[in-house]
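Data block below; observations after.
Labels for the chains are A, B, C and D, by order of writing; each one numbers its residues from 1.
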Amino acid sequence: MTDELNYNPSELMVVNAARLLQDGDVVFVGVGIPNLACNLAMRTHAPNLQMIYEAGVIGAQPSRLPLSIGDPTLVSGALSVCSMYDIFTLYLQRGNVDVGFLGGAQIDQYGNINATVIGDYPNPKVRLPGSGGSMEIAAWANRCYIITPHQKRRFPARVDFQTSIGFLSGGDARKKTGVRGAGPEVIVTNLGLMQPNQDGELVLTALHPGVSFEQVQENTGWDLKQSETCTVTEPPKQEELRILREELDPGRIYI
Amino acid sequence: MTKQMSMKDAIRKYVHDGDTLYASGFTHLIPFAASHEIIRQGIKDLVLARATPDLIYDQMVAAGCARKVVFSYMGNPGVGSLRRVRAAIEAGTLEWEEYSHFSMISRLQAGASGLPFMPMKATGASDLADQNPNYQKVTDPYTGEAVVVVPPLKPDVAVVHVQRADAEGNAHVWGILGEQRLAAFAATRVILTAEEIVDQSVIRSDPNRTLIPGMIVDAVCHVPYCAHPSYTQGYHDRDNQFYLEWDQISKTEESVGEYLREWVYDVPDRAAYWEKLGPEVHQRLTAGARLSEPVNYGDY
Amino acid sequence: MTKQMSMKDAIRKYVHDGDTLYASGFTHLIPFAASHEIIRQGIKDLVLARATPDLIYDQMVAAGCARKVVFSYMGNPGVGSLRRVRAAIEAGTLEWEEYSHFSMISRLQAGASGLPFMPMKATGASDLADQNPNYQKVTDPYTGEAVVVVPPLKPDVAVVHVQRADAEGNAHVWGILGEQRLAAFAATRVILTAEEIVDQSVIRSDPNRTLIPGMIVDAVCHVPYCAHPSYTQGYHDRDNQFYLEWDQISKTEESVGEYLREWVYDVPDRAAYWEKLGPEVHQRLTAGARLSEPVNYGDY
Amino acid sequence: MTDELNYNPSELMVVNAARLLQDGDVVFVGVGIPNLACNLAMRTHAPNLQMIYEAGVIGAQPSRLPLSIGDPTLVSGALSVCSMYDIFTLYLQRGNVDVGFLGGAQIDQYGNINATVIGDYPNPKVRLPGSGGSMEIAAWANRCYIITPHQKRRFPARVDFQTSIGFLSGGDARKKTGVRGAGPEVIVTNLGLMQPNQDGELVLTALHPGVSFEQVQENTGWDLKQSETCTVTEPPKQEELRILREELDPGRIYI
């Protein structure tokens, strides 16, 4: 069996993210990898998962791979379309969203995310896109997942700018802010999975097949702890890869 | 009373140097034809407000129309960076004011509702609020807890593209609604562009679909394909290929200058622009039919 | 997954003694069939919240289901006084909590949005606010002026009648929308009654018409004519004659008792009720066809 | 000519109210007399008047006389229908409404209105319907009109309860509250017209044909002043009466 070599890092991340989703989850999602993860989950173990796009689309059934969060294929045949104010209030702020997917240029030791600037805010070295919806998704979705390649510059000890929060400085700092959601639950990378410990610090809880702890540490900007129960993820199954490659992204745009 | 006029006249009459402009449409119905006309008329010092500046403001910033951008996500959606806005900010030649999507939209909700502010639940994130004094706090009188609030955004002028409207500006809109309706109600002046101008009886056949009422509209312009390279649900597709091309074009001031000359300055109006795109693009962006099931309002 | 069940089962499962109930629908789509079932099941001590209690709460108060009403206009719309609620208040046997329409709806908006309060512009009127401690003030941080705020209303259960829904509770609604959608999002549990249960493809043919998503719905009941004597746009007319008759019936406890016996207790369900109304009423309330012009969503 | 006798008090009030409306006015309206006044104005001098109902209907074209503000005939063929929250925020609170019609059980010397209770609020002698939309209409419509029969019990010096405000205690009391609208501009009764003077006190500014000042004073609960420029209203015209009787309310439900 050489199954475990028969996939690329993007496929590996999509498959592992999909497995985190539960049947019936309402997921606030963007295009690309998170969108593929949701669609893969719907075609395997979570047929009743529902996707919400910040543009105001609920229960999309796209007949082609959407290339932007405003793709018209997300609208035709959707269950419901509403305004952006409604999406952020009636759905997200009200507590109707189970899962949010987040991303950014930097994620730190406590799961805080920077999508705003590298350097000084008033005179930025690199001006990044900014929050979009992530400030609120990170705070109000019941649980959050982050999918990102594992690189040292992406995982500094402290982000330059807190665009959206994880566990702030750790401990009960997040809870004290009064945000409704539980915060980042799993960070899925191409090397493994990180999860917050009791203190809100991200620790390694799973390695992908063939990856060593040292490899992960090399690509992480803080002294990474390994969970006592750290496991090895199950490699992508042929059926998962088939769905991804043949049904979801045959043009290999995201994978 | 009809408010129909040409796009040229509408921009001349209702968009002035120094205005705060909200060209509305979240990924959908973005009124590119209006921004091109603004560029052609050489309007200056605009404050460009949009949740996502998108290519429409990248082009206006490159053309020298803007003094400031107000935004919540500055990217080329689905592609990457918004190069001209980003370069101008990094070079210190463009002012900016930044929000999260929800606070940006809440500002419009406050403006559209005539409210002095809108409250938002705590997000725990304070770095942006520390940089933008428009984020304030009030004390919730019921719990004593701090609540974040943002002030109203009331643009001087909003441009709103819709699928169909009558000549008085009563408009049917469907597909992604974004912040469009709020922008129209929040603004002092409203320029409505429509894919089709229809008889008022069509509008009256489905009053629940009328999201923009004529009473808040100042000018109605018949501008098919107004939204290209974004799209109009049911009329034409998004030109994803152009969004990718812009990533190349926008790399240098020179190539942007060439683009603006060829596709904006040397083109008189949207009809000529669409014609110039040519049959391959027309063909590629065609949308097939997928009709809504009608509903019965009843004859009472 | 289907959530379809009988009205009897839905009320038994989701409405409990002491609940705060919001039977929604401003003049339109008022779910009388649900209130009749609640009366039949003898549910007690309810807090009945509605902008306009209308006949639906007059009957429930008369039947002894209520401990309190929360309202903003207590009349028989187009006729006059709401006699049973009024008599109970004047007799001191019913608690009440009173708002203006806008503050009532703002409470639902806050509840539906997950907000701790909603601000309102000054109305200058303070007598009601002096009587109801739920009216509070906060200081506008931008101007220093006082702003009136009201707290969220989050009913334990909302009943919402719609024209058509699928078995999962995704619902199309048109005509007067009132506060219906907000009541559904604000409530903890939602019972949806529908004039028609349709295939999900009908719902998906017009997603902008889906105002209530299945994800917030607990029970879906197929109840044609649920709204009589109010109405369902496109399905049947308002029974203005009954609204006038109720003005007579509600004059005494005896005549109300007789009405309840004949039209509620002795009737098993809405189908029997409608049948009992007879062909003259059916004929009188028929609505002719007046269809919306369809729109094209496009096949992408 | 006996035209001036050829109408009843309701017709007189409708005609005089209609004449106050201007072409292009956006009017927040209920059923009954105000609705008839709007429709009469639309068929005479104000064809571009637009009616808004608090239920959420804009630009109705009813094909029969509406019997409640939620009559389905108001919806079929209307220009727009929206939610109640939208009507009160985007239209009324935002300042898009020119005219509001108000009514109540009591209207006092300063145009304040009581539609809530007679007697003590916690233990009311008479429990009235309450505010409905009138608290906000009185505050936020650019100008307001009140149409009511002229009876002493309806016009006390002070209302028992201020449901919606006129000029409060007079002077700049209204202005100080920060409300956006200008307040009640004209009170149309079956005897004449009252309007606020500089101090916000309602004074008689017009008598209907054949009515004396003494008659009005007898039916008013305060020492009524008569404006120096007090005029006599023009009697209803045959054409106005014809439209009312033949087109608008042939069943004589409100007139």
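In the analysis below, a residue touches a chain if its C-beta (ideal position, glycine included) is under 8 Å from a C-beta of that chain, and two chains touch if they have at least 3 such contacts.
All of these numbers come straight from a predicted model, not from anything done at the bench.
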Separation of subunit D from subunit A in steps, with touching chains one step apart: 2
Between A-C and A-B, the pair with more C-beta contacts: A-B
Most distant chain from subunit B, judged by the mean position of its C-alpha atoms: D
CA centroid of subunit A to CA centroid of subunit B, Å: 29
Whole-Å gap separating subunit B and subunit D, where each centre is the average of the chain's CA atoms: 40
Whole-Å gap separating subunit B and subunit C, where each centre is the average of the chain's CA atoms: 37
Residues within subunit A bordering two or more other chains: 57, 71-72, 75-77, 81-82, 93, 140, 180
Set of subunit C residues in contact with two or more other chains: 114-115, 120-121, 145, 174-175, 177, 205, 208, 233, 237, 287, 290, 297-300
Chain pairs in mutual contact under the definition given at the outset: A-B, A-C, B-C, B-D, C-D
Touching residues on subunit B, where the partner in the complex is subunit D: 1, 112-115, 170, 185, 200, 203-205, 207-208, 210-211, 213-216, 297-300
In the complex with subunit D, residue positions of subunit C that touch it: 26-28, 51-52, 71-75, 77-78, 81-82, 86, 89-90, 92, 98-103, 105-106, 108-109, 120-128, 131, 145, 174-182, 230-231, 233, 237-238, 240, 243, 287, 290
Residues on subunit A engaged by subunit B in the complex (per definition of touch): 31, 54-57, 67-72, 75-77, 81-85, 88, 92-93, 116, 121-127, 129-136, 138-140, 161-165, 168, 174, 177-180
Residues of subunit D defined as touching subunit B within the complex: 26, 48, 50, 57-59, 61, 63-64, 71-73, 75-82, 89-90, 93-96, 140, 180
Partner subunit B, residues of subunit C touching it in the complex: 114-121, 136-143, 145, 147, 149, 151, 163, 172, 174-175, 177, 202, 205-206, 208-209, 233-235, 237, 287-300
